[in-house]
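Both of the next two complexes hold chain A, though its partner changes from chain B to chain C.
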Partner chain A sequence: MNLRRWLAPDNVAVVGSIVGLGSFLLPWLNVKPNRVAAGTGLSLPDAAGGSGAAPILVLWLVCMALSFTVKGLWLRRALGLASNLVLVITLVLAGSAARSLSESAGPFSRISPDTGFWLALVACYLLIFASRRAGDASVLWRSLMSWSGLAVAAILLAAGWLNSLSIMQELAIQGDRFRAELWTHIILFAGSVAAGAAIGIPLGIMAERTRKAERPIFLITSITETVPSLALFGLLIPPLAALSFAFPALREVGIRGIGATPAIIALVIYSLLPIVRNTFVGLRGIDRGVIDAAAGIGMSPGQLFRRVKAPLAAPLVMDGVRTASVQAVGNAAVAALIGAGGLGAFIFQGFGQQAPDLILLGALPIIALAVLVDAVMNALVKLVTPRGVTRSAP
Partner chain B sequence: MKRFLAGSGLLAIVLGLLVAGCTGYNPAAKGPVVVSSKIDTEGGLLAQVIIQMLRDKGFQVTDKSQLGPTQVVRQAIISGEIDIYPEYTGNGAFFFNEADSAVWKDARLGYERVKVLDRQSNNIIWLQPAPANNTWAIAVPKALAQKENLKTLENLAAYVNRGGNIKMAASEEFVSSPAALPAFQKAYGFTLKQDQLLTLSGGNTALTEKAAAEGASGVNAAMAYGTDGSLAALGLVVLDDPRGVQPVYEPAPIVRSAIYEKYPELAGILNPVFETLTLQTLQDLNAKIAVQGQDAAAVARNYLVGKGFLK
Partner chain C sequence: MIRLENVTKRFGDLTAVNDLSLEVGKGEVCVLIGPSGCGKTTTLRMINRLIEPTSGRILVNGQDTSRMKPEGLRRSIGYAIQSVGLFPHMTVAANIAVVPELVHWETHRIHHRVEELLQIVGLDPDEHGPKYPAELSGGQAQRVGVARALAADPPILLMDEPFGAVDPLNRMKLQGQFLRIHKELKKTVILVTHDLDEAIRLADRIAIMESGKLVQYDTPENILARPVSKFVHDFVGTDRALKRLSRIGVKSFIKPAAAIKTGAPIEEANRIIGRGRSAWLVDDGGSLTGWVDGAILRHGQSVDQAAVKAPSADIAVTESATLKEALSRMLGLGFRSLPVVDDDGCLTGELSLADIEAATSDHERL
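Let's turn to the complex of A and B:
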């Protein structure tokens, strides 16, 4: 039998399988006697027992085998299902192992995921990506391969299966505070991107229309983009403080030297460059022939803008808003340092107390938010693209 | 496109209103009083103590604890964004540029000085401080202390001078500020060479204590604060400072005078509580939050109920 016929390695899948098998050998759960002491790492067989470790090992080997022969639709689907299955079983085992370990390790013990666990998640992501990247005609199979593992993970999370893990215990302690900071974070980035779009899109239109406006607009927005976020926050505090002292009425409305005001102003400034630049490019990049044709059939400049230029530029403008949004989600984390709140507050508290779980409690939701915002904005871009226009590659 | 612009404009307006932060107006309750703190364990604890006492006495309190580092919180109270937060008496030396004065080494004198200065310059009233000196200290692992019989900084100086193995993890500020390590070295007669120091850029005692406890990079001594909660849990002991080198840092609630004039009963409510917060008490309470991972509000509540301040 000619082995070469079957050999069709997918590089990403091979890397994923190697990472997955490697994660099996590394420490999987870390048991700390209290929140600050150093912990001991337990490997997967030690933490979850042989009966738990065996299916995982088998699945990684299956994935490894499949990643070398992933030719054809059904083998790819099998790889996708196998990687989702590994994800689900890993989380199920982590939840139950954490629960039994915390019962035996003492009342203040903390069980956290260790290197092996995180690498296993990375491996799952690589394998799912590899199985999806060749495309699949069936919507059902596409959704199954991309989302089934994450959907089950969300259910496990909501049902409290993972509550014995240290990060969930930190969440339980923070309780309402987490909800409040999450909401503040969302308002910070959503509000600043909205305001940035309201200012940036007209600026972009102006820059495209008049040569004279183009250079100063781009000069200012480019320079402000290079200022580090914390420095920009700091620069805004003294003038705003002076302003709010000079006009006490502003303080009543909520405009003060620290807190949300400088944070939002800085975030708006940061969101300007992607939006202004994309608006400019979107309008500039419209085919001259289309504009000539529209003018030729007698459209006024206003009609030309509303019915031809705006719809054609819209996808690129929306892409600029997308970039600005994802950027703002991350930048808003620093706002906590100047008293604006948001998820960054947990990150800095975690630094202060050397509690990595508190840092993760701030960082993981920010990452999830960024991914979610990116997905939603991508859908919006597709929505705004006029029918009959194929979106050019970014 | 138009709908997008209109929608974003609406969002910007809604956001503006939310930023204005309508906290709700309840004419029956006293206040609203905004209680804040710095981003650290003890700040969070003391803020919760203040919040629970005030709420129990009928005040409407806004919880803005864990607001930011010292400069941000200080700016906030001066500009009137917050009304009360716990501050340390020794910090008066830095707020008013009097770092060289000897008055900060005495608890009573330092407190009286910062009380007068802050009232004059910023209209801020200092209430009674807690008798706990949360100042810079040097901590070593218990094993080392027992082996080399290290109880005070005098013992440490002797140990270093006879060539004992020492490596201290400390912040840049601790190593270079004339009030910190150089003051210790001058008073006790020892010097740490460059290779006996592990200098970090931030003033994070949790990190230095963890390094000393685990022996990371050969570290066996750490910069610490007197009331740190993790010390006992990490097996570290603080070395005594019998020659009184460090300024005294006692936490006290500080209030904007506008709020204090409106509600002078604040002193009567908070002073008896802060009087009970000794060094040992604060260490234990901080430990409950940092080491055991309990919620600061719950720890504060249990303490106040246990002492009979709350029912």
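Let's turn to the complex of A and C:
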């Protein structure tokens, strides 16, 4: 009778809970006697024992129940906490189960997360997303719900709790190379976005200022944006190779058909469109009355730009740089194909060797890097947003 | 002060302003009015060179503006527009301070000026100075816009529908405030509007434009009384006589009024009222409190019994009211005469319907 009053299912949360419960039935850890042999999947109860599996099952059921009654702030917060808790317990269990399994399976064995594990993570983030969707006025709760699981994961990683998982073993083997490729990756995306901003912002200003420049600038940046990244990398090889053959001196400074140069050129080209477009829109979107008033009360064009246009356009420009950065983190992975290095190198090597751990060793840090860059750039966007201006939705 | 000599502006094939000549004297309010697309805003924007004329000259203080630096010229001319255009990333105080900063005033002088201006436009400097434009109401933003235009104390003010974006009630208030500020500061003002009532209320002279040409430039009274063409006649409308009344104050039409004090002896009351239909009722301080019906008094009743009490605000007009307001009140109340009170509510005289009628026909004959 009163049940109906409490029944307020959140579709995303319900899907999340179903996926979570479903993950329970799928293989959770994969045990291989060595790196290349076929493996066998173990379910969560088999891998972690009943005492490990029981709390997770209970938490999934709690999440399921909460998904059907997300009315009220505290119920949503409870859902957010429960899903973060599942995430943490899953990681803790994966670490300990992998350790005991590797002890019994021998020194060459490889223990890696299986479908059920990954689905459980997906389910956790569906639930976290659902619990955050309605918004929460408290910054503490907001960050607790989004970041607590990730924070614990980072601590577990740093403390070596997950070291028995095969991806971490791969990391231990590749240690120095991993750090080098990570650094290359950062240089690749950060350098090209910086160059992209240095070229793109003036281009955007130019496009906004003169109608003659607007069309060609957008034509070129839009067309290049549609070329697949692999094709663009490939397209750059012949001219750069020809150039370096014609002028051997160029080869000395690293300009060759393959390697970092074509990769950086391509990444710069990709970062142009979001930066040029956002600069243009940021300037064009300023209220005409504001510009008219500024000119009318006697600001020179330079003063108008420095004191009015630049500060008002800054948030959108920075948002363009954010888009370009996140995009470049991903695109830089492809650059490994033309010998530019970066974390993509692990991915393609993993493909070649049919070693999923190696693929993950490249892919997971790229995802983490993208999320981190997005968060940092979002903070920068907020930083350059002048007081008195509420940022419109991007 | 401002002279336009045969000014023409063409945008491609379109002639926005066609051979326009106009002179605005120092301290005058000149209102440019006409249907949309008549070139009034273009004319305004040519004065501070936001638009350059195709031909002709514009002189400010006898100097050809085309020989001046545009920025310098604009800093000496206040500019207020309908969309206000406050800088959203600056506080109200910073917005007003922009022009004084551009002309390098000292910091404390700017600070002082900002406070003074906020007070002039009726905003509290401590409350509104630190606010951002997004936190202001439409009317407040318009006032800040006017304050910003006045900031560096320019002798000339250009206003493009400065009260256009606010509701009618607030517009009336802002117009009243504009007149008060104008009386005090005596700026030379050129104001663009499409609202004829606003033009009649604010202007010393109205310039009526039609497709880029100046068709009549005269005082509001003369424009209403003697439209030079059918266009002007139609533009000012069929209620010209009524509109004209809004230009005339009641002050010169006040006549002495018969007043009876509350509780006066009946003989005295009868003597005051004589054969009149009624007399105004005042208290000991002279404040209007109603009226006394002559017929009842003559039946031998006391003053109190013959008195009709009514609040002064409901039946009287003030000395600063216009004949239009007085007439509308008379028609509303069904009175043939109306008491006039001063700011304290004391009776100073009365107005008669016959005199208002005479006023309209007087001007008709002009």
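Here are some notes:
Everything below uses one rule, namely that the second predicted complex is superposed on the first by the 393 of 394 C-alpha atoms of A that agree within 3 Å, B and C clash if a C-alpha of one lies under 4 Å from a C-alpha of the other, contacts with A are read in each partner's own complex, and residues count from 1 in each chain.
Keep in mind that, in the parts below, a residue touches a chain if its C-beta (ideal position, glycine included) is under 8 Å from a C-beta of that chain, and two chains touch if they have at least 3 such contacts.
It should be emphasised that the depicted structure is a prediction, and the values quoted were computed from it without experimental measurement.
Once the two complexes are laid over each other on the shared chain, residue contacts for A:Ala82 go to neither chain B nor chain C.
Once the two complexes are laid over each other on the shared chain, residue contacts for A:Gln303 go to chain C alone; chain B is not touched.
When both complexes are overlaid on chain A, the residue A:Ile237 reaches chain B alone and has no touch with chain C.
By the document's definition of touching, of the two partners only chain C reaches A:Ala294; chain B does not. Once chain A of one complex is fitted onto chain A of the other, the partner contacts of A:Leu59 are absent, as it touches neither chain B nor chain C. When the two complexes are overlaid on their common chain A, residue A:Pro311 makes contact with chain B and with chain C alike.
Once chain A of one complex is fitted onto chain A of the other, the partner contacts of A:Arg387 are limited to chain C, with no touch recorded for chain B.
Between chain B and chain C, B touches the greater number of residues of chain A. Of the two partner chains placed by superposition, only chain B is touched by A:Arg110; chain C is not. Counting contacts as defined above, chain A residues 311 meet chain B in one complex and chain C in the other.
The touching residues of chain C, when paired with chain A in their complex, are 45, 48, 50, 70-75, 78-79, 81-91, 98-99, 102, 132-134, 145, 148-149, 158.
Residues of chain A that touch chain C in their complex: 287-300, 303, 307-308, 311-312, 386-390. The touching residues of chain B, when paired with chain A in their complex, are 1-2, 4-5, 7-9, 11-12, 15, 18-21, 39-41, 64, 66-69, 72-73, 75-76, 79-81, 202, 204, 206-207, 210, 213-214, 230, 233-234, 290-295. Taken in their complex, chain A has these residues touching chain B: 34-38, 107-108, 110, 169-170, 173-175, 187, 190-191, 194-195, 197-198, 201, 237, 241, 244-245, 251, 253-254, 256-261, 264, 306, 310-311, 314, 317-318, 336-339, 345, 348-349, 351-355, 384.
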